[in-house]
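Next, two complexes with subunit A in common: one pairs it with subunit B, the other with subunit C.
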Partner chain A sequence: MSDRSVSTGVKILGYQVRDLARSRALGGYALALALATWGLVHFGGGTARALPSLATLVVLVVPLVSLLVTTSFVHHGGDFIELLLSHPVGRRPLFLGMYLGLALPLGAAFLAGVLIPLGASGALSTHANGVATVALAGALLTAVFTSLGFVIALRATDPARAMGAALLVWLAAAVLYDGAVLLAAYRWAAYPLETPMLVLMALNPVDVARVLVVMALDASAMMGYTGAIFQDFFGGAVGRALAIACLCAWTIVPAWVAMRDFQRKDF
Partner chain B sequence: MRAVLILLAALQGTQAAPASQGTVATRVVGPGGDHATITEAVQAAQPHDTVVVTRGVYREATVVVDKPLVLRGEDGTVLDGEGARGLLRIVADSVTVSGFTLRDTGISFTEDRAALLVDRAHFCTVRDLRVEDAFFGIYLANSGDCLLEDNTLRARSTRETRSGNGIHLWYSTRVTLRGNRIEGHRDGIYFEFVEDSRVLDNESVGNVRYGLHFMFSDGCDYVRNVFADNGAGVAVMYTSDVLMEENDFRGSLGNAAFGLLLKDITDSEILGNRFRDNSVGIHAEGANRVRVAGNDFLENGWAVKIMANSEGSTIEGNNFLGNSFDVATNSRRSYSDFAGNYWDRYRGWDRDADGVGDVPFHPVRLFSLVVAQNEPALVLQRSPLVALLDLAEQVLPLLTPEDLADPRPRLAPVSTRWGPS
Partner chain C sequence: MIRVRGLTKRFGARAVLEEVDVHFRSGAVTALLGPNGAGKTTLLKCVLGLVRPSEGDVLVEGEPIDPDGSYRHGIGYMPQLPNFPPHMTGLELARMLDDLRDFRGRPDEELIEALDLRAELGEPFRTLSGGTRQKVNAALAFRYRAPILILDEPTAGLDPVASLALKAGVRACRTEGRTVVVTSHNLGDLQTIADHVVFLHEGRVRYDGSLGDLLATTRRSTLQEAIADLMRGSDATSRRETGRDTNEADPERRHLEVVR
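Let's turn to the complex of A and B:
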């Protein structure tokens, strides 16, 4: 990319960030997260008890908010995009500017919402590993579901349908998929399921993020499992690195698909 | 007390012999001493003499101590087995050994080769030994009334079959182990057919199999010991009348690793211990009339696994904090009582403000039953779906053991010697 298109991208990123900052949605998101975290720490009986609940909350809420905010902004920004495209602006820098302009503020809002109350309670020093893992999982989930949100928004032209599709994707990834995995585990209980289960987890970004958290919070239980593959996976740095790599792939591949769609789309 | 009286009686009995009357001598072994080898000194000594071994490395055949003696090594006195033999064998009563470094016995597959073997002897004292790279470290067979104190045993075993136990007691009674540190052996401390013994303030760390392993050893106490990072934790079996108090069980990770494995243990007490970072805190199989009280269960995979063949045990006044699963069992019925524990998962109210929750707590989650039946499902830990299933089961219990419940869950942790968690 030339310098000019980079600067265009940065400029668009700046507009987008300012636009988002004005729209109360992100502030509300950060505030709601902060309130929930603060409540969990103060009324739930300390950080040790709050972290697991927070992890479940993050795994549920972050994908939902990222999806909804992304789809709605892409649709509401339709006129703005058309306006920009009538100027000599490349589609790649425009897309990247928009993408980062959404993913970065969303991620920042998430981190602020979770880390500020945890930091205030002193958890950053006492439970550094757990907090870092939850923060990392949430940040990566934000990136993944911003990418997926772009794919949905660019493929479904009707805003209502896009919203419906986003909700469906969220429900499937957060809840239904695990139900199917559980049923499969019972259906094929007689077979060695370790590797298939890990592959199934890799196919759902919400599960990958959850597994990343479980590695930090439930290592003792995971080590108690009979099979060697789980022990190797959950016991060391290898599993963690694989999970993070997996989430990165889940960010980049849909983002690339969305960019191709964006480049070909007739606005 | 009784042991001391017997000890005094025995001492007086032997001292009545005319040969040793008033002639307690000190013999010095080493270059410039009275004797060149320890064996020579022991052979020349009269009962109740003191043999002092000056610093240096001694390579001689296994020293057999066959009369009551005080055997003392100066700082830096090393007995080297050259990978071929045990170093000291005590076959007489009232022997005291202290201050030596015993090293390199080598491995034997035909005998239980030990750095120090006490064979059919009573009233021995073993103190301040350093035992390095021994097959078995200190081995008592058919002995009793002994004190093993402040010894350090270190081996570098990696495989169960090629290593022996650190402190090994077989058919022995009234032995006290105090302040010893055992590392890198097969079992740190091993008791078989031992009675009325005390294990106090020892550290058994990083052993290949169990930190503590006992069988058929009634009436023994285990107090303030540390059992950490052992291959499979601590296993105790086929024993009654055990007291385990204020021990620290931690870092037993693995599919067959337990902070504490109870197998056929009856009429025993497990009080004020801490179980931390173990795959399973306590695994109880056939634990009958065992009282588990005032313990801390922190961040274990499973805090307590209690099998249905455990009857009449009580689990009361313990703290359960940050465990992946609190309680697992293999039955819909419960034959043990849970009462007055603190559970961090408890979400009930306390409207009469008496510190006890208004509704019972059911510590067995549906998901722990699922995992028991279908282990790979463990990857779904903390899934929202699992939370939903657990919630549904709480509202309408169909599968989880209904009578395995804590009717009086506490709202604040019990205070223990381990302090606020």
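Let's turn to the complex of A and C:
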């Protein structure tokens, strides 16, 4: 990208962050997370027991919020995107500015909502590794599902269909996928399934995030079946690095697809 | 100056524009007209690079339009719908656009003065009426003194005073030798500012000529009557082209069907 494109992308990022900072929705998201975290810590039997519950909440809520906010943003902002593109603004810097301008405030709201109550309860010093892993998993899930949200919103021209598709993707990734994998494992229990299970795990970012958290918290009770296998094979630093790399790939590939769609889209 | 050559745009199997050849001249106001769904907005969006042509090309000031959009430094555009971010004020939006355009000159704020918009520019868009948002929309299109001005339904939602101010601004642009393209369903407004008429019907150019020639050919005194005649003639042509016409058009109407 040229210097001018980079500069344009950074400007759009800045404007969008400022605009979102004034939005009540983002503040509401941070506040709801903060209340849930505070409630889990204070009524859930202490930080050690609250963290696995918080991790379960994070892997369910963060993808849903990221998907819905992104699809809604792209569809409601369609006329404004058109206006910006009628000025000397390239499509690539506009996309990158919008993507980062959405993912970064969403990630910041998540981190604020989780880390402030945990910090107030002293968990940052007593359970530093667990807290950092939950924070990292949530931040990466935000990026992943913001990318997927852009793909959905740019491909579904009708806002209702986009919302429906976003909900389906969330349901499939957060709920249905593990059930399907479990059924498959049961059906073909007589065969060595470790390698196929690992591949299936990598195909679902929610499962990968679960594994990342479980390896840090040693809380296999909150895991799906595929996560347990992943932990057996890749416990420790290698597994952690592999899970992070997998989530990074889940962020970059859909974001690249969305950018390509954006560059070809008729507004 | 904008030249459109052999432009076809298909959405799936449906052709919205077919082999459109048009020349929007400098120092003239061109009224781009046609019934709903004729392809007017799609044509303007092709010029702006918002819609990618299936075939053909668009030349702006003699150069093919570039994918990075830098040619749009030379275009001021007023979109049909003034849907701006609700939290933003007009002033913030103007400064944002100045920044994105790297605009360092003195902006054209005559329309802001004429529309008495100063106070409203400091208010968030969510608190402004539709008419006031449309005034801001117009003021932003004129702001950069661009050599090309594209206005999509500019007077929709404007009060009569604002509408007069906008038309005065358009006339001033013509005097300065700029290229102005206007689409509107308010043909009374257009008759007072347009020099040239391009009439689209079902994605094809059915008339491209001066307003005076159109009125003379149709023997009508108003643009509204002349366009109504063109529409009736184009409908007859379409029916014949698609084999739906069982009754040949009478000679009196037939000469209006395709006037090029």
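Points to keep in mind about this one:
In this section, the second predicted complex is superposed on the first by the 251 of 267 C-alpha atoms of A that agree within 3 Å, B and C clash if a C-alpha of one lies under 4 Å from a C-alpha of the other, contacts with A are read in each partner's own complex, and residues count from 1 in each chain.
Methods note: a residue touches a chain if its C-beta (ideal position, glycine included) is under 8 Å from a C-beta of that chain, and two chains touch if they have at least 3 such contacts.
Remember, it's a predicted structure, so these values are computed and weren't measured experimentally.
Residue contacts after overlaying the shared chain place A:241 against neither subunit B nor subunit C. When both complexes are overlaid on chain A, the residue A:90 reaches subunit C alone and has no touch with subunit B. Applying the stated contact rule after C-alpha superposition, one finds that A:15 touches subunit C and leaves subunit B untouched. In the superposed model, A:60 lies in contact with subunit B only, and not with subunit C. Legend: residue contacts after superposition of the two complexes on their common chain; A:5 is shown touching subunit C, with no touch to subunit B. Of the two partner chains placed by the overlay, neither subunit B nor subunit C lies in contact with A:252. In the superposed model, A:267 makes contact with subunit C only, not with subunit B.
In the overlay built on the shared chain, the residue A:82 is in contact with subunit C alone; subunit B does not reach it.
Comparing subunit B with subunit C, the partner in contact with more residues of subunit A is B. In the superposition on chain A, A:52 contacts subunit B only, with no contact to subunit C.
Overlap of the subunit B and subunit C interfaces on subunit A: none, as no residue is touched by both.
Contact residues of subunit A toward subunit B in the complex are 45, 48-49, 52, 55-56, 59-60, 174-175, 178-179, 181-182, 185-186, 189, 193-194, 197-198, 201, 207, 210-211, 213-214, 217-227, 230-231, 235. The part of subunit B that touches subunit A in the complex is made up of residues 253-255, 257, 277-280, 299-302, 321-322, 324-325, 344, 370, 373-388, 421.
Those residues of subunit A lying in contact with subunit C across their complex are 2, 4-5, 8, 11-12, 15, 19, 22-23, 77, 79-80, 82-91, 264, 266-267.
Touching subunit A in their complex are the following residues of subunit C: 11, 45, 48-52, 67-73, 75, 77, 79, 81, 83-85, 87-88, 96-97, 99-102.
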